[in-house]
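Shown next, in C-alpha coordinates, is the structure this report addresses.
When the chains are written out, they are named A, B, C and D in that same order, and each has its own residue count from 1.
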Amino acid sequence: MSEALTVETVAEWLARSPFIRFMNLTVESLDEKAQTITMTMPMRPEFERGAGTGQFHGGPIASFIDTVGDYAVALVLKSGVPTINFRVDYLRPSFGAFLRGTAIVRRLGRTVAVVDIDVTDDQGRLCAVGRGTYAAQAG
Amino acid sequence: MSEALTVETVAEWLARSPFIRFMNLTVESLDEKAQTITMTMPMRPEFERGAGTGQFHGGPIASFIDTVGDYAVALVLKSGVPTINFRVDYLRPSFGAFLRGTAIVRRLGRTVAVVDIDVTDDQGRLCAVGRGTYAAQAG
Amino acid sequence: MSEALTVETVAEWLARSPFIRFMNLTVESLDEKAQTITMTMPMRPEFERGAGTGQFHGGPIASFIDTVGDYAVALVLKSGVPTINFRVDYLRPSFGAFLRGTAIVRRLGRTVAVVDIDVTDDQGRLCAVGRGTYAAQAG
Amino acid sequence: MSEALTVETVAEWLARSPFIRFMNLTVESLDEKAQTITMTMPMRPEFERGAGTGQFHGGPIASFIDTVGDYAVALVLKSGVPTINFRVDYLRPSFGAFLRGTAIVRRLGRTVAVVDIDVTDDQGRLCAVGRGTYAAQAG
(Lines give C-alpha, C1' and ligand atoms only; values in the text may rest on other atoms or scores of the structure.)
Protein backbone atom coordinates (compact mmCIF):
# COMPACT_ATOMS: atom_id res chain seq x y z
CA MET A 1 0.00 0.00 0.00
CA SER A 2 1.42 3.36 -1.00
CA GLU A 3 0.93 6.38 1.23
CA ALA A 4 -1.12 9.29 0.01
CA LEU A 5 0.98 12.03 -1.53
CA THR A 6 1.08 15.29 0.40
CA VAL A 7 1.82 18.88 -0.51
CA GLU A 8 4.92 18.58 1.69
CA THR A 9 6.28 15.62 -0.26
CA VAL A 10 5.94 17.42 -3.57
CA ALA A 11 7.55 20.51 -2.03
CA GLU A 12 10.54 18.33 -1.12
CA TRP A 13 10.81 17.05 -4.68
CA LEU A 14 10.68 20.59 -6.03
CA ALA A 15 13.42 21.71 -3.64
CA ARG A 16 15.92 19.29 -5.18
CA SER A 17 16.17 21.35 -8.37
CA PRO A 18 18.13 24.61 -8.22
CA PHE A 19 16.06 26.13 -11.02
CA ILE A 20 12.76 25.18 -9.42
CA ARG A 21 13.99 26.59 -6.11
CA PHE A 22 14.77 29.80 -7.96
CA MET A 23 11.13 29.96 -9.09
CA ASN A 24 10.03 29.81 -5.42
CA LEU A 25 7.01 27.65 -6.19
CA THR A 26 4.39 26.88 -3.58
CA VAL A 27 2.17 23.84 -3.91
CA GLU A 28 -1.34 25.02 -3.06
CA SER A 29 -3.25 21.82 -3.53
CA LEU A 30 -3.14 18.47 -5.24
CA ASP A 31 -5.52 15.63 -5.98
CA GLU A 32 -3.90 12.33 -6.87
CA LYS A 33 -7.10 10.71 -8.03
CA ALA A 34 -8.10 13.64 -10.26
CA GLN A 35 -4.44 13.93 -11.39
CA THR A 36 -4.37 17.67 -10.84
CA ILE A 37 -2.06 20.01 -8.97
CA THR A 38 -2.02 23.76 -8.33
CA MET A 39 1.05 25.88 -7.59
CA THR A 40 1.85 29.56 -7.32
CA MET A 41 4.96 31.44 -8.42
CA PRO A 42 5.66 34.85 -6.90
CA MET A 43 7.03 37.78 -8.89
CA ARG A 44 10.69 38.51 -8.31
CA PRO A 45 12.81 41.28 -9.85
CA GLU A 46 14.63 38.86 -12.16
CA PHE A 47 11.30 37.80 -13.72
CA GLU A 48 10.31 41.21 -15.05
CA ARG A 49 9.88 41.71 -18.79
CA GLY A 50 10.63 45.44 -18.72
CA ALA A 51 12.35 47.08 -15.75
CA GLY A 52 9.83 48.51 -13.33
CA THR A 53 6.79 47.35 -15.27
CA GLY A 54 5.76 44.55 -12.95
CA GLN A 55 5.03 42.38 -15.97
CA PHE A 56 6.15 38.77 -15.95
CA HIS A 57 8.46 37.89 -18.85
CA GLY A 58 7.21 35.00 -20.96
CA GLY A 59 10.25 32.89 -20.05
CA PRO A 60 9.34 32.41 -16.38
CA ILE A 61 5.73 31.78 -17.41
CA ALA A 62 6.82 29.02 -19.79
CA SER A 63 9.12 27.58 -17.12
CA PHE A 64 6.28 27.61 -14.61
CA ILE A 65 3.98 25.83 -17.07
CA ASP A 66 6.60 23.16 -17.77
CA THR A 67 7.08 22.47 -14.07
CA VAL A 68 3.45 22.45 -12.94
CA GLY A 69 2.64 20.11 -15.80
CA ASP A 70 5.52 17.85 -14.89
CA TYR A 71 4.33 17.48 -11.32
CA ALA A 72 0.81 16.58 -12.37
CA VAL A 73 2.41 13.51 -13.95
CA ALA A 74 4.60 13.06 -10.88
CA LEU A 75 1.47 12.68 -8.75
CA VAL A 76 0.87 9.42 -10.54
CA LEU A 77 4.44 8.25 -11.22
CA LYS A 78 5.86 9.47 -7.88
CA SER A 79 8.75 11.19 -9.62
CA GLY A 80 9.43 14.10 -11.93
CA VAL A 81 9.67 12.98 -15.55
CA PRO A 82 11.39 14.33 -18.66
CA THR A 83 9.40 16.83 -20.69
CA ILE A 84 9.19 15.74 -24.32
CA ASN A 85 7.65 18.93 -25.65
CA PHE A 86 5.19 21.62 -24.73
CA ARG A 87 3.34 24.53 -26.22
CA VAL A 88 2.56 27.77 -24.47
CA ASP A 89 0.02 30.35 -25.64
CA TYR A 90 0.20 33.79 -24.06
CA LEU A 91 -3.32 35.18 -23.74
CA ARG A 92 -2.70 38.54 -22.08
CA PRO A 93 0.14 40.42 -20.37
CA SER A 94 0.67 39.06 -16.85
CA PHE A 95 1.06 41.38 -13.88
CA GLY A 96 0.66 41.04 -10.15
CA ALA A 97 2.20 39.54 -7.05
CA PHE A 98 2.10 35.97 -8.27
CA LEU A 99 0.82 33.58 -10.92
CA ARG A 100 -1.26 30.50 -10.20
CA GLY A 101 -0.90 27.41 -12.37
CA THR A 102 -3.20 24.41 -12.41
CA ALA A 103 -2.24 21.28 -14.33
CA ILE A 104 -4.40 18.30 -15.13
CA VAL A 105 -3.40 15.06 -16.82
CA ARG A 106 -5.56 14.58 -19.91
CA ARG A 107 -4.19 11.16 -20.74
CA LEU A 108 -1.54 8.94 -19.21
CA GLY A 109 -0.55 6.32 -21.74
CA ARG A 110 2.19 3.72 -21.75
CA THR A 111 4.67 5.96 -23.53
CA VAL A 112 3.65 9.55 -22.89
CA ALA A 113 1.40 11.68 -20.72
CA VAL A 114 -0.47 14.71 -22.07
CA VAL A 115 -1.12 17.53 -19.61
CA ASP A 116 -3.01 20.83 -19.77
CA ILE A 117 -1.86 23.77 -17.70
CA ASP A 118 -3.82 26.99 -17.12
CA VAL A 119 -2.11 30.06 -15.67
CA THR A 120 -4.02 32.89 -14.00
CA ASP A 121 -2.83 36.11 -12.40
CA ASP A 122 -3.54 37.19 -8.83
CA GLN A 123 -6.90 38.59 -9.98
CA GLY A 124 -7.93 35.25 -11.45
CA ARG A 125 -7.60 36.32 -15.08
CA LEU A 126 -6.45 33.61 -17.49
CA CYS A 127 -3.03 34.74 -18.75
CA ALA A 128 -1.51 31.75 -20.47
CA VAL A 129 -2.25 28.14 -21.31
CA GLY A 130 0.17 25.28 -21.76
CA ARG A 131 -0.09 21.79 -23.18
CA GLY A 132 2.75 19.36 -22.68
CA THR A 133 3.83 15.85 -23.51
CA TYR A 134 5.89 14.15 -20.83
CA ALA A 135 7.59 10.78 -20.69
CA ALA A 136 5.27 8.34 -18.94
CA GLN A 137 8.14 6.73 -17.09
CA ALA A 138 10.47 8.22 -14.52
CA GLY A 139 13.95 8.90 -15.92
CA MET B 1 17.84 55.48 -44.86
CA SER B 2 18.00 53.16 -41.88
CA GLU B 3 21.36 52.18 -40.43
CA ALA B 4 22.45 48.59 -40.46
CA LEU B 5 21.65 46.81 -37.23
CA THR B 6 24.66 45.77 -35.15
CA VAL B 7 25.30 43.20 -32.48
CA GLU B 8 25.79 46.09 -30.07
CA THR B 9 22.36 47.56 -30.76
CA VAL B 10 20.62 44.26 -30.15
CA ALA B 11 22.67 43.82 -26.95
CA GLU B 12 21.32 47.18 -25.76
CA TRP B 13 17.74 46.08 -26.46
CA LEU B 14 18.32 42.86 -24.53
CA ALA B 15 19.74 44.76 -21.57
CA ARG B 16 16.46 46.61 -21.03
CA SER B 17 14.75 43.49 -19.75
CA PRO B 18 15.62 42.27 -16.25
CA PHE B 19 14.80 38.67 -17.14
CA ILE B 20 16.88 38.73 -20.30
CA ARG B 21 19.75 40.29 -18.33
CA PHE B 22 19.43 37.40 -15.89
CA MET B 23 19.94 34.98 -18.79
CA ASN B 24 23.25 36.73 -19.64
CA LEU B 25 22.77 36.38 -23.36
CA THR B 26 25.50 37.21 -25.83
CA VAL B 27 24.66 38.04 -29.44
CA GLU B 28 27.20 36.14 -31.55
CA SER B 29 26.04 37.14 -35.00
CA LEU B 30 23.08 38.42 -36.94
CA ASP B 31 22.09 38.80 -40.55
CA GLU B 32 19.25 41.23 -41.21
CA LYS B 33 18.76 40.15 -44.80
CA ALA B 34 18.65 36.45 -43.98
CA GLN B 35 16.53 37.25 -40.89
CA THR B 36 18.65 35.11 -38.61
CA ILE B 37 20.38 35.68 -35.30
CA THR B 38 22.61 33.57 -33.04
CA MET B 39 23.03 34.00 -29.28
CA THR B 40 24.64 32.05 -26.46
CA MET B 41 23.45 31.58 -22.89
CA PRO B 42 25.99 30.50 -20.26
CA MET B 43 25.20 28.00 -17.52
CA ARG B 44 24.64 29.52 -14.10
CA PRO B 45 23.88 27.73 -10.82
CA GLU B 46 20.24 28.81 -10.86
CA PHE B 47 19.72 27.09 -14.23
CA GLU B 48 20.58 23.58 -13.09
CA ARG B 49 17.93 20.87 -13.29
CA GLY B 50 19.42 18.76 -10.49
CA ALA B 51 21.94 20.20 -8.04
CA GLY B 52 25.49 19.50 -9.14
CA THR B 53 24.49 17.75 -12.37
CA GLY B 54 25.48 20.53 -14.74
CA GLN B 55 22.30 19.86 -16.72
CA PHE B 56 20.25 22.80 -17.93
CA HIS B 57 16.66 22.74 -16.68
CA GLY B 58 14.09 22.88 -19.48
CA GLY B 59 12.74 26.21 -18.22
CA PRO B 60 15.81 28.28 -19.08
CA ILE B 61 16.04 26.44 -22.42
CA ALA B 62 12.45 27.39 -23.26
CA SER B 63 13.10 30.96 -22.12
CA PHE B 64 16.19 31.12 -24.31
CA ILE B 65 14.25 29.82 -27.31
CA ASP B 66 11.49 32.39 -26.78
CA THR B 67 14.00 35.25 -26.65
CA VAL B 68 16.25 34.26 -29.56
CA GLY B 69 13.15 33.77 -31.70
CA ASP B 70 11.80 37.14 -30.67
CA TYR B 71 14.96 38.94 -31.70
CA ALA B 72 15.00 37.32 -35.12
CA VAL B 73 11.73 39.16 -35.69
CA ALA B 74 13.20 42.27 -34.07
CA LEU B 75 15.91 42.34 -36.74
CA VAL B 76 13.19 43.22 -39.19
CA LEU B 77 10.80 45.22 -37.02
CA LYS B 78 13.55 47.01 -35.03
CA SER B 79 11.84 46.16 -31.74
CA GLY B 80 11.05 43.15 -29.60
CA VAL B 81 7.51 41.90 -30.20
CA PRO B 82 4.98 39.97 -28.12
CA THR B 83 5.20 36.19 -28.34
CA ILE B 84 1.85 34.69 -29.29
CA ASN B 85 2.80 31.08 -28.74
CA PHE B 86 5.67 28.69 -29.10
CA ARG B 87 6.49 25.02 -28.95
CA VAL B 88 9.68 23.54 -27.61
CA ASP B 89 10.84 19.96 -28.19
CA TYR B 90 13.61 18.66 -25.98
CA LEU B 91 15.81 16.31 -28.00
CA ARG B 92 18.47 15.33 -25.45
CA PRO B 93 19.66 16.38 -21.98
CA SER B 94 21.68 19.59 -22.22
CA PHE B 95 25.02 19.95 -20.43
CA GLY B 96 28.04 22.18 -20.80
CA ALA B 97 29.29 25.70 -20.31
CA PHE B 98 26.69 27.31 -22.55
CA LEU B 99 23.93 26.79 -25.08
CA ARG B 100 23.87 28.32 -28.54
CA GLY B 101 20.59 29.28 -30.15
CA THR B 102 20.02 30.21 -33.77
CA ALA B 103 16.69 31.62 -34.90
CA ILE B 104 15.48 32.16 -38.43
CA VAL B 105 12.26 33.79 -39.59
CA ARG B 106 10.36 31.31 -41.75
CA ARG B 107 7.61 33.74 -42.67
CA LEU B 108 6.85 37.33 -41.77
CA GLY B 109 3.23 38.05 -42.61
CA ARG B 110 1.03 41.04 -41.93
CA THR B 111 -0.30 39.64 -38.67
CA VAL B 112 2.23 37.16 -37.36
CA ALA B 113 5.77 35.96 -37.84
CA VAL B 114 6.77 32.29 -37.64
CA VAL B 115 10.28 31.55 -36.42
CA ASP B 116 12.36 28.38 -36.01
CA ILE B 117 14.96 28.16 -33.27
CA ASP B 118 17.62 25.45 -32.94
CA VAL B 119 19.57 25.03 -29.70
CA THR B 120 22.91 23.22 -29.53
CA ASP B 121 25.24 22.56 -26.61
CA ASP B 122 28.89 23.62 -26.42
CA GLN B 123 29.84 20.46 -28.36
CA GLY B 124 27.50 21.37 -31.21
CA ARG B 125 24.93 18.66 -30.45
CA LEU B 126 21.32 19.59 -31.20
CA CYS B 127 19.54 19.67 -27.81
CA ALA B 128 16.22 21.36 -28.40
CA VAL B 129 14.18 22.94 -31.16
CA GLY B 130 11.60 25.69 -30.91
CA ARG B 131 8.96 27.07 -33.22
CA GLY B 132 7.20 30.28 -32.33
CA THR B 133 4.54 32.64 -33.54
CA TYR B 134 5.16 36.29 -32.76
CA ALA B 135 3.12 39.41 -33.36
CA ALA B 136 4.27 41.00 -36.61
CA GLN B 137 3.97 44.48 -35.15
CA ALA B 138 5.92 46.04 -32.32
CA GLY B 139 3.85 46.37 -29.15
CA MET C 1 -29.60 44.14 -33.37
CA SER C 2 -28.02 40.95 -34.64
CA GLU C 3 -30.05 37.79 -34.79
CA ALA C 4 -29.09 34.82 -32.69
CA LEU C 5 -26.95 32.33 -34.56
CA THR C 6 -28.58 28.97 -35.24
CA VAL C 7 -27.32 25.49 -35.97
CA GLU C 8 -28.85 25.88 -39.43
CA THR C 9 -26.87 29.02 -40.21
CA VAL C 10 -23.58 27.40 -39.27
CA ALA C 11 -24.52 24.35 -41.33
CA GLU C 12 -24.97 26.66 -44.33
CA TRP C 13 -21.52 28.16 -43.77
CA LEU C 14 -19.98 24.70 -43.56
CA ALA C 15 -21.68 23.64 -46.81
CA ARG C 16 -19.82 26.31 -48.78
CA SER C 17 -16.54 24.45 -48.47
CA PRO C 18 -16.04 21.32 -50.60
CA PHE C 19 -13.61 19.83 -48.08
CA ILE C 20 -15.92 20.47 -45.12
CA ARG C 21 -18.79 18.95 -47.11
CA PHE C 22 -16.61 15.91 -47.67
CA MET C 23 -16.25 15.58 -43.88
CA ASN C 24 -20.07 15.45 -43.56
CA LEU C 25 -20.10 17.44 -40.34
CA THR C 26 -23.25 17.88 -38.29
CA VAL C 27 -23.58 20.78 -35.87
CA GLU C 28 -25.05 19.31 -32.69
CA SER C 29 -25.18 22.41 -30.55
CA LEU C 30 -23.72 25.85 -30.11
CA ASP C 31 -23.68 28.55 -27.48
CA GLU C 32 -22.71 31.99 -28.70
CA LYS C 33 -22.33 33.45 -25.23
CA ALA C 34 -20.16 30.61 -23.96
CA GLN C 35 -18.30 30.61 -27.32
CA THR C 36 -18.57 26.87 -27.69
CA ILE C 37 -19.75 24.57 -30.48
CA THR C 38 -20.12 20.82 -30.86
CA MET C 39 -20.06 18.87 -34.13
CA THR C 40 -19.90 15.24 -35.17
CA MET C 41 -18.07 13.64 -38.06
CA PRO C 42 -19.18 10.21 -39.26
CA MET C 43 -16.76 7.49 -40.34
CA ARG C 44 -16.53 6.98 -44.07
CA PRO C 45 -14.40 4.45 -45.99
CA GLU C 46 -11.93 7.10 -47.14
CA PHE C 47 -11.15 8.02 -43.51
CA GLU C 48 -9.83 4.62 -42.45
CA ARG C 49 -6.23 4.30 -41.29
CA GLY C 50 -5.91 0.65 -42.25
CA ALA C 51 -8.35 -1.03 -44.63
CA GLY C 52 -11.13 -2.75 -42.75
CA THR C 53 -9.92 -1.70 -39.30
CA GLY C 54 -12.60 0.89 -38.66
CA GLN C 55 -9.93 3.17 -37.18
CA PHE C 56 -9.97 6.85 -38.08
CA HIS C 57 -6.74 8.03 -39.68
CA GLY C 58 -5.13 10.95 -37.86
CA GLY C 59 -5.53 13.20 -40.90
CA PRO C 60 -9.32 13.43 -40.77
CA ILE C 61 -9.11 13.87 -36.99
CA ALA C 62 -6.74 16.82 -37.40
CA SER C 63 -8.98 18.26 -40.13
CA PHE C 64 -12.02 17.90 -37.88
CA ILE C 65 -10.21 19.66 -35.01
CA ASP C 66 -9.17 22.52 -37.28
CA THR C 67 -12.74 23.05 -38.48
CA VAL C 68 -14.59 22.75 -35.19
CA GLY C 69 -12.11 25.19 -33.65
CA ASP C 70 -12.57 27.58 -36.52
CA TYR C 71 -16.32 27.67 -36.10
CA ALA C 72 -16.09 28.40 -32.39
CA VAL C 73 -14.43 31.64 -33.45
CA ALA C 74 -17.01 32.07 -36.21
CA LEU C 75 -19.75 32.12 -33.56
CA VAL C 76 -18.34 35.44 -32.45
CA LEU C 77 -17.04 36.86 -35.72
CA LYS C 78 -19.94 35.55 -37.87
CA SER C 79 -17.51 34.13 -40.43
CA GLY C 80 -14.92 31.42 -40.74
CA VAL C 81 -11.41 32.76 -40.17
CA PRO C 82 -7.93 31.70 -41.30
CA THR C 83 -6.18 29.17 -39.07
CA ILE C 84 -2.74 30.45 -38.03
CA ASN C 85 -1.56 27.24 -36.42
CA PHE C 86 -2.77 24.35 -34.36
CA ARG C 87 -1.50 21.40 -32.41
CA VAL C 88 -3.14 18.03 -32.18
CA ASP C 89 -2.35 15.35 -29.61
CA TYR C 90 -3.62 11.86 -30.30
CA LEU C 91 -4.55 10.21 -27.01
CA ARG C 92 -5.81 6.81 -28.15
CA PRO C 93 -6.79 5.04 -31.39
CA SER C 94 -10.20 6.24 -32.55
CA PHE C 95 -12.87 3.78 -33.69
CA GLY C 96 -16.61 3.88 -34.07
CA ALA C 97 -19.42 5.31 -36.12
CA PHE C 98 -18.48 8.93 -35.56
CA LEU C 99 -16.32 11.38 -33.64
CA ARG C 100 -17.68 14.24 -31.59
CA GLY C 101 -15.70 17.48 -31.30
CA THR C 102 -16.32 20.32 -28.90
CA ALA C 103 -14.47 23.60 -29.25
CA ILE C 104 -14.32 26.47 -26.81
CA VAL C 105 -12.70 29.87 -27.27
CA ARG C 106 -10.16 30.36 -24.47
CA ARG C 107 -9.31 33.92 -25.47
CA LEU C 108 -10.41 36.22 -28.24
CA GLY C 109 -7.91 39.04 -28.54
CA ARG C 110 -7.51 41.80 -31.06
CA THR C 111 -5.12 39.85 -33.25
CA VAL C 112 -5.71 36.17 -32.58
CA ALA C 113 -8.13 33.77 -30.95
CA VAL C 114 -7.00 30.71 -29.00
CA VAL C 115 -9.33 27.73 -29.04
CA ASP C 116 -9.34 24.32 -27.34
CA ILE C 117 -10.94 21.34 -29.07
CA ASP C 118 -11.68 17.97 -27.45
CA VAL C 119 -12.54 14.95 -29.59
CA THR C 120 -14.34 11.90 -28.22
CA ASP C 121 -15.46 8.68 -29.89
CA ASP C 122 -19.02 7.36 -30.01
CA GLN C 123 -18.48 5.80 -26.58
CA GLY C 124 -17.50 9.15 -25.07
CA ARG C 125 -13.80 8.29 -24.70
CA LEU C 126 -11.41 11.21 -25.17
CA CYS C 127 -9.39 10.38 -28.33
CA ALA C 128 -7.60 13.57 -29.28
CA VAL C 129 -7.18 17.16 -28.17
CA GLY C 130 -6.44 20.20 -30.26
CA ARG C 131 -5.35 23.75 -29.53
CA GLY C 132 -5.42 26.31 -32.27
CA THR C 133 -4.63 29.93 -32.98
CA TYR C 134 -6.94 31.62 -35.46
CA ALA C 135 -6.97 35.09 -36.95
CA ALA C 136 -9.31 37.27 -34.92
CA GLN C 137 -10.65 38.95 -38.03
CA ALA C 138 -12.59 37.46 -40.89
CA GLY C 139 -10.50 37.09 -44.04
CA MET D 1 21.72 -7.50 -44.46
CA SER D 2 18.68 -5.33 -45.11
CA GLU D 3 17.93 -4.17 -48.61
CA ALA D 4 17.95 -0.50 -49.43
CA LEU D 5 14.51 1.05 -49.23
CA THR D 6 13.04 2.16 -52.54
CA VAL D 7 10.39 4.63 -53.57
CA GLU D 8 8.33 1.64 -54.71
CA THR D 9 8.41 -0.01 -51.30
CA VAL D 10 7.21 3.12 -49.55
CA ALA D 11 4.50 3.52 -52.19
CA GLU D 12 3.29 0.02 -51.31
CA TRP D 13 3.15 0.92 -47.61
CA LEU D 14 1.18 4.05 -48.40
CA ALA D 15 -1.31 2.10 -50.52
CA ARG D 16 -2.37 0.00 -47.52
CA SER D 17 -4.19 2.94 -45.94
CA PRO D 18 -7.52 4.01 -47.46
CA PHE D 19 -7.06 7.59 -46.27
CA ILE D 20 -3.54 7.84 -47.66
CA ARG D 21 -4.77 6.37 -50.95
CA PHE D 22 -7.41 9.09 -50.99
CA MET D 23 -4.63 11.69 -50.74
CA ASN D 24 -3.02 10.22 -53.90
CA LEU D 25 0.50 10.76 -52.62
CA THR D 26 3.54 10.24 -54.83
CA VAL D 27 6.94 9.56 -53.31
CA GLU D 28 9.38 11.73 -55.23
CA SER D 29 12.58 10.84 -53.44
CA LEU D 30 13.97 9.48 -50.21
CA ASP D 31 17.31 9.23 -48.49
CA GLU D 32 17.53 6.65 -45.75
CA LYS D 33 20.86 7.86 -44.44
CA ALA D 34 19.78 11.52 -44.31
CA GLN D 35 16.38 10.40 -42.93
CA THR D 36 14.47 12.57 -45.35
CA ILE D 37 11.61 11.93 -47.76
CA THR D 38 9.73 14.07 -50.28
CA MET D 39 6.18 13.47 -51.51
CA THR D 40 3.62 15.36 -53.56
CA MET D 41 -0.14 15.56 -53.11
CA PRO D 42 -2.27 16.65 -56.09
CA MET D 43 -5.28 18.93 -55.75
CA ARG D 44 -8.63 17.19 -56.02
CA PRO D 45 -12.11 18.74 -55.86
CA GLU D 46 -12.74 17.42 -52.34
CA PHE D 47 -9.67 19.29 -51.04
CA GLU D 48 -10.87 22.78 -51.92
CA ARG D 49 -11.39 25.33 -49.15
CA GLY D 50 -13.95 27.36 -51.07
CA ALA D 51 -15.75 25.97 -54.11
CA GLY D 52 -13.97 26.95 -57.31
CA THR D 53 -11.16 28.82 -55.57
CA GLY D 54 -8.46 26.25 -56.20
CA GLN D 55 -7.21 26.82 -52.66
CA PHE D 56 -6.24 23.80 -50.57
CA HIS D 57 -8.19 23.56 -47.31
CA GLY D 58 -5.99 23.41 -44.23
CA GLY D 59 -7.26 19.94 -43.35
CA PRO D 60 -5.65 18.14 -46.29
CA ILE D 61 -2.46 20.15 -45.71
CA ALA D 62 -2.33 19.01 -42.08
CA SER D 63 -3.06 15.44 -43.15
CA PHE D 64 -0.27 15.60 -45.73
CA ILE D 65 2.18 16.94 -43.12
CA ASP D 66 1.26 14.17 -40.68
CA THR D 67 1.84 11.48 -43.31
CA VAL D 68 5.07 12.77 -44.85
CA GLY D 69 6.50 13.16 -41.35
CA ASP D 70 5.44 9.66 -40.43
CA TYR D 71 7.21 8.14 -43.40
CA ALA D 72 10.46 9.94 -42.64
CA VAL D 73 10.46 7.91 -39.42
CA ALA D 74 9.39 4.82 -41.36
CA LEU D 75 12.56 5.08 -43.46
CA VAL D 76 14.46 4.16 -40.33
CA LEU D 77 11.99 1.89 -38.56
CA LYS D 78 10.72 0.18 -41.75
CA SER D 79 7.11 0.73 -40.74
CA GLY D 80 4.63 3.54 -40.25
CA VAL D 81 4.43 4.59 -36.60
CA PRO D 82 1.74 6.25 -34.45
CA THR D 83 1.75 10.04 -34.43
CA ILE D 84 1.89 11.36 -30.86
CA ASN D 85 1.29 14.99 -31.72
CA PHE D 86 2.09 17.57 -34.32
CA ARG D 87 1.85 21.27 -34.94
CA VAL D 88 1.10 22.90 -38.25
CA ASP D 89 1.67 26.57 -39.07
CA TYR D 90 -0.02 27.94 -42.18
CA LEU D 91 2.24 30.53 -43.77
CA ARG D 92 0.24 31.55 -46.84
CA PRO D 93 -2.84 30.40 -48.78
CA SER D 94 -1.98 27.35 -50.89
CA PHE D 95 -3.02 27.11 -54.52
CA GLY D 96 -1.89 25.10 -57.50
CA ALA D 97 -1.86 21.66 -59.03
CA PHE D 98 -0.10 19.99 -56.12
CA LEU D 99 1.76 20.47 -52.87
CA ARG D 100 5.24 19.13 -52.18
CA GLY D 101 6.21 18.06 -48.68
CA THR D 102 9.68 17.27 -47.43
CA ALA D 103 10.21 15.71 -44.02
CA ILE D 104 13.44 15.29 -42.12
CA VAL D 105 14.02 13.51 -38.83
CA ARG D 106 15.56 15.96 -36.38
CA ARG D 107 16.07 13.41 -33.64
CA LEU D 108 15.27 9.73 -33.29
CA GLY D 109 15.40 8.83 -29.63
CA ARG D 110 14.48 5.66 -27.78
CA THR D 111 10.93 6.79 -27.09
CA VAL D 112 10.02 9.36 -29.69
CA ALA D 113 11.14 10.82 -32.99
CA VAL D 114 10.89 14.52 -33.81
CA VAL D 115 10.36 15.44 -37.45
CA ASP D 116 10.17 18.72 -39.38
CA ILE D 117 8.02 18.97 -42.47
CA ASP D 118 8.06 21.82 -45.00
CA VAL D 119 5.27 22.20 -47.55
CA THR D 120 5.66 24.21 -50.75
CA ASP D 121 3.25 24.86 -53.60
CA ASP D 122 3.86 24.06 -57.25
CA GLN D 123 5.73 27.37 -57.61
CA GLY D 124 8.11 26.47 -54.81
CA ARG D 125 6.66 28.93 -52.29
CA LEU D 126 6.72 27.80 -48.66
CA CYS D 127 3.05 27.44 -47.64
CA ALA D 128 3.06 25.56 -44.36
CA VAL D 129 5.45 23.99 -41.87
CA GLY D 130 4.86 21.07 -39.56
CA ARG D 131 6.67 19.63 -36.57
CA GLY D 132 5.66 16.27 -35.23
CA THR D 133 6.45 13.81 -32.50
CA TYR D 134 6.07 10.16 -33.47
CA ALA D 135 6.44 6.96 -31.51
CA ALA D 136 9.96 5.62 -32.06
CA GLN D 137 8.71 2.04 -32.27
CA ALA D 138 6.43 0.46 -34.81
CA GLY D 139 2.96 -0.19 -33.44
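Assume a contact is a pair of C-beta atoms (placed from the backbone, for glycine too) under 8 Å apart; a residue touches a chain by one contact, two chains touch by 3 or more.
Bear in mind the structure is a predicted one, so any value in this text is a computation, not a measurement.
Peer 1: In terms of CA centroid distance, which chain is the most far removed from chain C?
Peer 2: Relative to chain C, the chain with the farthest C-alpha centre is B.
Peer 1: Give the chain pair, either A-B or A-C, that is connected by more C-beta contacts.
Peer 2: The greater number of contacts lies at A-B.
Peer 1: Quick check: how many Å separate the C-alpha centres of chain A and chain D?
Peer 2: The mean C-alpha positions of chain A and chain D differ by 34 Å.
Peer 1: CA centre of chain A versus CA centre of chain C: separation in Å?
Peer 2: 29
Peer 1: If you average the CA atoms of chain A and of chain B, how many Å lie between those two points?
Peer 2: 22
Peer 1: Listing for chain C: what residues touch at least two other chains?
Peer 2: Touching at least two other chains: 84-85, 87, 89, 114, 133.
Peer 1: By the document's touch definition, which label belongs to this structure's chain graph: line, ring, star, complete, or other?
Peer 2: Per interface graph, the chains form a complete graph.
Peer 1: Going by the contact rule at the top, pick out the chain A residues touching chain C in the complex.
Peer 2: 87, 89, 91-92, 106-107, 109, 114, 116, 126, 129, 131, 133
Peer 1: Which stretch or stretches of chain D touch chain C in the complex?
Peer 2: Spelled out, the residues of chain D in touch with chain C are 16-20, 22-23, 45-51, 57-60, 62-64, 66-67, 82-90.
Peer 1: Would you pull the chain C residues touching chain B in the complex into a rising list?
Peer 2: 84-85, 87, 111-112, 114, 133, 135
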